[in-house]
Amino acid sequence: MGKLRPGTIILVVCLLALAVLPWFAEKYYVQLFTKMMIMAIFAMSLDLLVGFTGLVSLGHAAFFGVAGYVLAFAAPEYEAANLWVSLPLAMACSGLLALVIGVLVLRTSGIYFIMVTLAFAQMVFFLFHDTEFGGGADGIYVYAKPVAAIAGWEPFTLENHTHFYFVVLALLVLVYTGLRILLDSLFGRVIVGIRVNEHRMRSLGYRTFRYKLACFVLAGVLAGMAGYFAAAQFGFVNPETLGWHQSGSVLMMVILGGMGTLTGAVVGAFSMILLELGLQGLPAIGGMDLSKHWQLLMGGFIVCAVLLLPHGLLGLGRTASRLRRKPAEARDG
Amino acid sequence: MSKNQAFHRRGFLKTAIAAAAVAGVVSLPSFAYAQSKIKVGLMLPYTGTYAQLGVAITNGFKMAMSESGGKFGGHELEYFTVDDESSPPKATDNANALVTRDKVDVLVGTVHSGVVMGMVKVARDSGTPLIIPNAGAGAATGSQCAPNIFRTSFTNWQPAYPMGKVLADRGIKKAVTLTWKYGAGIEAIEGFKEGFKKAGGTVVKELFLPFPSVEFQPLLTEIASIKPDAVFVFFAGGGGVKLMKDWQAAGLKGKIGLYGSGFLTDGVLDATGSAADGIETTLHYGDGIETPKNKTFRLNYAKTYKLQPDVYAVQGYDAGLLLVAGLKAVKGDMSKKKEFLSAMEKAKIDSPRGAWTMSKAHNPVQDIYLRKVVNGENKVTGVAQKALADPARGCKM
Amino acid sequence: MAEAVLRTEHLSKHFGGLAAVDNVSLEFFTDQIHAVIGPNGAGKTTLTNLLSGELICTSGSIYLDGADIAGLSADRISQRGVGRSYQKTNIFLPFSVFENCRIAAQSRLNSSMRFIRRALAYREVVREAERALEEVGLEDRAQVPAASLSHGEQRQLEIAMTLATRPRILLLDEPLAGMGGEESAHMVELLQKLKPAHAMLLVEHDMDAVFALADRLTVMVDGRVLESGPPEAIRASAAVQEAYLGADEESHQ
Amino acid sequence: MDANTFLIQVLNGIQYGLLLFLVASGLTLILGIMGIINLAHGTFYMVGAYLAFSLSQHFGNLWLAMAGGVVIAVVIGLVLEWLLISRLYHRDHLYQVLLTYGLILIFEELRSVVFGDDVHGVAVPEILRVSIPLTETLSYPVYRLWMSAVCLVLAVGMYFLIQKTRLGMIIRAGAANREMVQSLGININLLYRLVFALGVALAAFAGMIAAPVASVFPGMGNQVLIVCFVVVVIGGIGSVKGAMLAAILIGLVDTFGKVISLEIGGVQLLPQLSGMMIYVLMAGVLLARPEGLFGKRA
């Protein structure tokens, strides 16, 4: 393996582009990209489950949303929460929830797992929807963005959208690198082994339940990190934030980009959000306002993507380059 | 004709390189626009359950704007529309896009209470004027009230409160309430309870249904065994239809009175059929308001859109009237924000529902009508309470 | 004689009304290959699954070094030194041959809850994997994806993975299945080489290999042990002849 | 709660459970036999309700509408299986989730384009438009009893189809071993196509018979879907018997969750949290039997 693969170069170029973006873009676009990066972290956390461990969760938004609620509770009206306290707290709460749900859902597998994760996320949804403590169905505000003060010193302020952008960018890089390291560690090898052949892992002496649970909790914690910053950015948390449509759309991001690759999750998150914007911005053609029925196109797109892009957008690029390089070998699948 | 745009070239080009590199998006539609236009951001549901309401509001709003000539001191109007999908998680994001990307001068929206709370958040943070043409979440003109936030519809409390007095005055002492367990329902029930208690009645049991479940049967059984004098409900759309039909099928119709906030019987009477006959509700609008203003409005609306207007169209129309009042006062110059806001605050809206003014918290002070379903229409039978203002609890303005 | 490494007493497994394994008592010793033969459906694979913990027995006991392990889960039994290979090749197809063995060797670490240090930096695991590959003669194929190995090589890898877990008893479920003559000979040689350090259960249909390898033979029919003893005695047994060996051709080809 | 009310509530619970069963049985069949997870199942329920609405307006008769609706639903099922689902058998469940999620979006928007977003009512057929008085205030609509009867008949029919007929035997074998059935010379592709169409027809039929009491409105399918998932998880995948038991259990839990008051330590738990009740039930079942009440252990 060469040191400078084209993939690496593209990655570095993208990173540089992201790093200089705030100097060129208006506030709206800086915030848009902040949102995309937050969703990218969320998508990576799900990819850890779906793409690497082989656990298809359809309730991942529960951990995303709960962290947002924790931030909302930690920041009472007109009083900002401290980032260094509330962020770990939010992530811990998401992790704890993932632990409790994980112990139950990991007793199942396959189709059961999909349905059970969905159902448990729905249970959390109702918990926030039907009780007043989180503002019920109307949701709850995060009045002020968290303050990053350590003993009076404030390295950055999240109220500034550029600062916020860079904090999220740093976290994106951190999570990406962290997961890269993780996947190459003993633990990482185990979870990938579980995806490929869990039965064999067990007969080799691995207590796979523990590793799956650890992975589920870790994914929950990272989803919590994303949910925390999403809540901080939008300033608003609502039960729908942890609803199953949110879970479905993040799953779509993972697949669209190409699951089992961290870059894929990031690419998926970015393209999905841009695609949605693009579809909603379609002009009227021949008396039919397409933008009013953009969800029809989105549905059609998803169906086509599943049938035509089995390995996601990244897979598309890879197939293309493989075909170019070695046309003879491309036939073996 | 609205221009529904996702990106503008100005901002977009700058980020296009990064965007294309990162996500492979190449180009999206763009429009040039003149600087002097007044930019109105319409954030309403155009897909999903509430799509119809979004369309009615947009129609009413645009009708008011075109009746006013559509030009203020030489400034034309430009619309930016966003489909909010009635999705609260996207609410602040969508509202924020209108404010920071499209740089709208005023926000109008929306139907869903959760989404409107997201818009209120953005309006409070950015200072952009917000006109709410439907959602009745009390907090928007209550604890979250702000100088730049206005509502031309109602609070959930508002149409429910007068029903309490109406029932108690008829000698009804014992009532049961029933609603979905969500913000709007709970607020409406609180309103009814307050009015009913004040007039001497007692709510013996409050029943809830998880949203959006429509499995009423157990609750009807419970009601039948309690045998109250009246049941007050808050439902809208499909849930309301099912309730009224189940009510009739369970034989409760004619034995126990069913009352509700007007949304119960609005826009659904065709679907409900005979099950709705005779049901009385309270609302700030009704089909047979015999005023010249209402007649002209209904005629014009039907002519323009080939549709009968409903309460949502009226609210959208009034949102337009309110904006016109503000724009006229500053002759379209949106830099005079203070004058603009104070003109809207002082406006007297000559609405199809009857003239109304803004309360201190920026919610209509309006007459609430008592209506009765007769032959598939919500006939106004009287005024349940004149010039009712929402108590706006928690508003510090 | 030394104590048996693995011993079953009156082991039974019922599926509904069917007794797949019925009152089976067997012993396995180090430096001894104990072959179990019998027609299809005799309960050989079920027996292997009981011993490896993949199935839980209905009644009876399994003693490993004198401790009852019946009811323990597969991973715990593996950790106690029971290694098994599968009738249907059961490896990590997308992984490299080396990684297949490495992940097997890694299972012997106290815990794999290590999140930072690179997996390849654990030298002892890497060495163990390499050793196992050498033992089966796959060291030249280490970097090839397991999916591109020939069938015979995959069977060898299967054994190598088992060896990488340093088992004391090997449960081998038809290691020769689907192999050509040369590959079979190679495998027989390998098993002979492994014999001194391991106790071995060999489930196999290839009678030539069985008689070449086995120190002890058990014939199972309908879940029960029909006969058990040294190969010569089994070959001579009339009951076995009638019930199994004679019918070999029809029932297996 | 007096005894009378209690009994009526039990009746309510069973009646709701039977309708749930009808929707969930199609889901569990498709899951169990084909191994396909179908998120669009609730959407077919909605499709059925809208078919009942539009066809009964067209024919002026609900019975004809139901007959026509079932035919259309079967056709929809056959076409979808042929066009899309058949491409997913060898793919991960994940892709099934996504494809059927896409179908939800498509059907919801098509519904909006064709029927608009109004709430519509469907008239109860003349002969069933009566109620049986139970107490002085409460009567029970005959249509609901008729619905329950239909559900029961279908349940028994399905039981016989699967347990006693050759087709059922093949279906059961297909669930266990696709290759084996194929080797018997049976066209498994056709079999799967029929099972999928049957599942769609069951969901649509449930939507049709529910339409007169539930009315017809946007998004009505999604709320049904998740409850059906819970039914299948509790009952065990592929088990019609399990689905029946689970559906009735959920019907009862849901019914009593709404009307019973429960307070622990001064905190009102019921009916405040009645929306969570069925999920709590599911968690309990998962703890005791992860494979569901009648599921096969994996």
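Labels A, B, C and D are assigned to the chains in the order they are written; within every chain, residues are numbered from 1.
The rule is simple: a contact is a pair of C-beta atoms (placed from the backbone, for glycine too) under 8 Å apart; a residue touches a chain by one contact, two chains touch by 3 or more.
This structure is a prediction, so every number in the text was calculated from the model and none was measured.
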Shared chain contacts [subunit C and subunit D, defined touch]: A
Chain pair, A-D or A-C, that carries the greater number of C-beta contacts: A-D
For subunit B paired with subunit C, centre-to-centre distance based on mean C-alpha positions, whole Å: 72
CA centroid of subunit A to CA centroid of subunit D, Å: 32
Euclidean distance of C-alpha centroids - subunit A vs subunit C, Å: 43
Subunit B and subunit D, separation of their C-alpha mean positions in angstrom: 35
Per-residue multi-chain contacts in subunit D, two or more chains: 108-109, 112, 272, 274-275
Subunit A, residues touching no fewer than two other chains: 126, 129-130, 293, 295
Junction residues of subunit B, two or more chains touched: 47, 181, 210-211
Every chain pair meeting the contact rule: A-B, A-C, A-D, B-D
Subunit A - residues contacting subunit C, complex: 181-182, 184-190, 193, 196-197, 199-208, 210-211, 214
Complex interface listing, subunit C residues touching subunit A: 52, 54, 73-76, 78-79, 84, 90-95, 99, 102-104, 106-109, 112-120, 122, 161, 165
Residues on subunit D engaged by subunit A in the complex (per definition of touch): 31, 35, 37, 84, 87-88, 91-95, 97-99, 101-110, 112-113, 226, 229-230, 232-233, 237, 272-276, 279-280, 282-283, 286-287, 290-292, 298
Complex contacts: residues of subunit B adjacent to subunit D: 47-52, 181, 207-215, 217-222, 224-225, 227, 237-238, 240-242, 245-246, 249-252, 255-256, 267-268, 270-273
Subunit D partner contacts - residues on subunit A that touch it in the complex: 50, 56, 58, 104-105, 107-112, 114-116, 118-120, 122-123, 126-127, 129-131, 244, 248, 251-252, 255, 259, 293, 295-296, 298-303, 305-307, 310
